[in-house]
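Input: structures, listed below.
You will see two complexes here that share chain A, one where it goes with chain B and one where it goes with chain C.
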Partner chain A sequence: MPEAGLLSVLPINEFVFFINKVVIGGLIIGSVYALGAIGVTLILGILRFAHFPHGDMMTAGAFFALVCASLAPHVGDPFGLPSAFVLMPVAMAATAAMAVWLDKAFYAPLRRANVKPVVMVMSSVGVMLMLQGLIRLFAGTGTRQLDPGPKDIYRIPAGGRDLIVTQPQLLLFIFTAVAVVALHFFLTRSRMGKAMRAVADNAELARVSGISIDHVVRTTWIIAGALAAAGGTLLALDVTFKADLSFNIILPVFAAAIVGGVGHPYGAVVGGMLVGFTETLAVFNWSVLLRPLQPYLPEFVEIPSKIAFVPTEYKIVIPFFILIAVLIWRPTGIFKGRTN
Partner chain B sequence: MPLLEMSDIHAGYGGANILNGVSIAIEADEIGVIVGPNGAGKSTSLKALFGLLKVSEGAIVFDGETITNAVPETLVRKGLSFVPQEYNVFPTLSVEENLEMGAYVRRDSFRHLIDMVYGFFPPLKEKRRQPAGELSGGQRQMVAIGRALMSEPKLLLLDEPTAGLSPRYMGEIFERILAVNASGVGILMVEQNARQALGFAHRGFVLANGQNRFTGTGAELLADPEVAKSFLGGGD
Partner chain C sequence: MAVPPLAHREIPLFAGLAVVIALVFAWLGAAYGVRMLVEASCYAIIALGLTIQWGYAGLFNVGVMGFIALAAFVTVLVSFPVNAAFWNGDGPALLGWTALYLVIGVAITYGLSRSHRLGLPKSLRTALTLIAGAVTYLAVQGTLDPAASVIESEAGFIGGFGLPVWFGWLVGGVAAGGLGWVMGRITLGLRADYMAIATLGISEIVKAFLKNADWLTRGTLTVSPLPWPVPTPQELGFVFSRSAYLCVTAAMIVVIYVLLQRAWASPWGRMMRAIRDNELSAAAMGKDINRRRLEMFVIGNVIIGIGGAALITFTSIFDPSAFAPLNHTFLIWVMVILGGAGNNLGAIFGAFLVYVIWIMSEPVALFLFQQAEIWGDELFGWQAPGDLHTRALQMRVFIIGLTITLVLRYAPQGLIPEKVMKHD
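Let's turn to the complex of A and B:
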């Protein structure tokens, strides 16, 4: 029967493998990028400078969660969740407080002195180097497991091969979705959220309207710090904690913020997903999907064992390509970001 | 006692002073108009009054209190509102959100004020969900004035509210400003269309080189041949 023959030829197995690697993989890394990029884009929009220590704030948040989880390793047991996740709100609060303090100590004096934007950026590079040093000082340079127990793995059977999602990955999706919806309602419904958008739109007019810029700035740091901590913690739960954990993702996070349109939190989410999916698609080994076709191809055509757009080691270049492509095609970002 | 009294104000942006002794006084419910050539310090006077640049000499008294160099947040609470000449709306915020931002200092309910603004500027009601940046120049100006009215000011400061508007919109904006004034809000405005504005001003202030040159009622200034010759583009 030709139908049955055709069905057996369909690479279901390989397709599930593709979903596991690319769709789930893209969603995971895209969520992490989105959580970082929301903060970066809010800071760019409201405070008008590139906050390079954001990756280190993510690492610091994961470190706080690690400390909490090692102090109280069984908090999560009754819920069947990792303790680091249950204690994540503590890490988020600590990171938010750290962000507010960093602003007070390093950025606020420069803002008051009305310095040029480039001075702010240099100062942010300085804070980044300082945080990297501090994190290494306290956390060491080795890798640590945020959750010592084995990860719960959910398998969904799908024609021979299983769709595989681990518990930390599921928590990451759910948290990102909830955070994005909550942020949306905060920005569009609450007095402070609207004031934040007003300051991003026109800071001088916001001041003239009697909006307290100090409150808006503090709220921005609290949101950015808390989401960075969550992103760092959830990433560390999915992989491991390392001192250079988020320094490696600061480039994709910035690419996501710029690609999405600077100052646009939704753009940051879309940008994060775009960068995440492009990375996983680019390093995916396409020969897995093509291999089942081998018997139908003439003999002289041989499918190589590895066909990927870029080797995994060069994954870091992907955000740059996306950045360049989007900036040529749509210079203000996917959502119309600010250009001035 | 006047609602606002600026006496002998000297102010600038850090370098040389732009204002070298400006005095402006208006009573509650009045319309005051500041006119004068470019660079006379008209807009600077409003900015100095609203705490947007440093006053080095002189005193500003509003409603019985000294407010020299107070910050905008304090001034809005005390009953002053300022509409800048340019960039005076939040472009990505909807019309209604722009108005809400004008009421930011209020903790009480301000729904009735939004309705009041829609009463003054009916075109805004149907555009209330639209981003303010997408409106026409005249409608943006209505949003800007509406935003400033949301704090229920005693005195509204307008910096060239008709700049860049077509003559049709200019007349409309002037008309609405008169209506706002009739509702009991004092107005102090800088205006390029000096002849038209002095026509309805209770008080006029002609500035030149950062100082008062002529001060009087609108009608007095219009009738003064000296003012007409030097500042109103020739007598006619």
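Let's turn to the complex of A and C:
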């Protein structure tokens, strides 16, 4: 059969490997970054400061989910889902409440004293250290499994090698899509969502036209906290729960928020995906894709065993360079966010 | 110009500090006490650098650790004894090729980025620049990888140049300042938070690089013993050699302090205060705000680098994975804001006070948690988790964060506030 011959020539296995590694991997990490970056971009747009504890808020959300799941380990069984996912709304509510309380205790007094934005940033760094200390005190410094059972793995045959998606990854994609659509309708249709956009555009004007800034600020923290908890929980479900995630995740999240344009939730989603895909593309070993071409190349061209743009150890460099590139060429981000 | 009189605040504060230090000497012995003083004095130098950035210019540098790590590495490179195995092997030639590729590539990339002056369309220029940059990167990476593995197998790492230590500190400070210049050029015109994010990023990258570039730094194998500028403990004994080191760092503090006080009283210092207190009116008077801020950031980083290099030299071991943001960034932040931002004496006082508390807090935290474990076991039959020891130390992170937020809220001026000069 000529078709079969053609198929065997095409590097279908390698291509599926590429999709597994880069496309699915990028979607996973991009979704997590997006869930974090939505909160960061809303806080940057409405409260006007870079919220450093966001990574620790994600970890705290995952920790709440871990506690819930260990208290009620069999809640998820009737649905065939991990208990931590079924109980995630509880963790989201707890993290949202924590975010509102943190604002009341630490940021609101500074806001009332009308300090410079950079002092707010510094105070947020203080809060970051406190959260880090508490999380490590209660959760320990090791890694833990959020879901003790084996993960369900879906294999999609693709002629040769299978496309592989695990259940937590599928849940992550679905949740991110639902959250983004819901946020879109909230921001464009509801009164509160419109008020939030008004405050982000011009806080003074919004205030004199009768919008309660306090309500807007509280809603911002609730959304940011809930989405951060979801992102942290879903990441921990996919990989493991680690208490010292914060620095490794806060930089890509900031990069995603700034790339997307500060104050634009959709921009944050695009930015998150951009950063996630760049990361997986940059550390991907391209020689896997090129190796099947070896028989067709002349003798002296030898494909090295490893061609990656960035070694895996330097993954942290990628979001940083995206950030620097955006700050140099287009400080407003893709979607023209605010710069002041 | 009326200089405000020496306030009645400094004398009791410094006297109290002296009493605390004397207690530590009496309790833990002279060798330990002198070691603590040397480390605190290095932190005081770093705090002076940071107070320039934060107290004078209002710049938020979250990457202190990265600048210290870079300066410390440069010091090791300059002052560590020459590694003959490296210079006699193939490593230098291979590295030379890498450097050649790098120079040619950078020159071509830079030339292309200027090519719009020759009439090339801007989009074409950008595309060509990006391609040239990518090719340079791949070429350098392609030649560096084999060079690195040859060096690692032949000689371990490239060693140093065997030059005097003080020269290494200076070069380290200059390197930290240079990195600060690049960071400042990119972020200073933008909103203040971006600088914080960018400095956080650069410090993580410096750490990742130093940890993984085994051919350059021996990575996790660490480099030791680092040469000292004064006779080592093997020659003089702990107390005397550490005291000699303390003399060196104390002299550095005095020199830097006097220079900063002079600069602060000069027209240049007046301009800096004007920019910090009212950016708009300073700009209206024709001051180039971003350029002045860049000056502050670079000078601050040079001092941070020198202090950091002195600190790492004193510990006598260069361990890239020991550069923790907690010890090298946020502890120094607490020193500066608690001591009093914008007051050099305050920064020095804060450095000594916070460092003594920090050193003493470790046994205290462990003791408290052990007590909690015993009581919990007796009263409730509570089984403490096995890693309570490491967890107890996490409480110090919490305390540092709490101190930062509380000081910012209730005492933004610090213990020794900045003295506002009145010009009659």
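List of remarks:
Everything below uses one rule, namely that the second predicted complex is superposed on the first by the 329 of 340 C-alpha atoms of A that agree within 3 Å, B and C clash if a C-alpha of one lies under 4 Å from a C-alpha of the other, contacts with A are read in each partner's own complex, and residues count from 1 in each chain.
In the analysis below, a residue touches a chain if its C-beta (ideal position, glycine included) is under 8 Å from a C-beta of that chain, and two chains touch if they have at least 3 such contacts.
The structure presented is a predicted model; accordingly, all values stated were derived computationally and were not measured.
By the touch criterion defined above, A:95 reaches neither chain B nor chain C.
After overlaying the two complexes on the shared chain, residue contacts for A:141 are found with chain C alone; chain B is out of touch. Once chain A of one complex is fitted onto chain A of the other, the partner contacts of A:247 are limited to chain C, with no touch recorded for chain B.
Touch criterion not met for A:220: it reaches neither chain B nor chain C.
Looking at the superposition, the partner that touches the larger set of chain A residues, chain B or chain C, turns out to be C. Of the two partner chains, chain C is the only one that A:117 touches; chain B does not reach it. When the shared chain is aligned, chain C comes close enough to touch A:129, but chain B does not. Residue contacts after overlaying the shared chain place A:314 against chain C, while chain B stays out of touching range. Overlap of the chain B and chain C interfaces on chain A comprises no residues. If you check the complex, the residues on chain A that touch chain B are 191, 194-195, 197-198, 200-202, 204-212.
Listed in rising order, the residues of chain B touching chain A in the complex are 50, 52, 72-73, 75-77, 82, 84, 87-93, 97, 100-102, 104-105, 147, 151. In the complex of the two chains, the chain A residues touching chain C come out as 44, 49-50, 52, 106, 109-110, 113, 115-119, 121-123, 125-134, 136-137, 140-142, 247, 250-251, 254, 258, 309, 311, 313-314, 316-317, 319-320, 323-324, 327-328, 331, 339-340. Those residues of chain C whose C-beta lies close enough to touch chain A in the complex are 58-60, 62, 137, 186-187, 190-194, 196-198, 200-202, 204-205, 208-209, 211-212, 325-326, 330, 333, 337, 385, 387, 390-391, 394-405, 408-409, 412.
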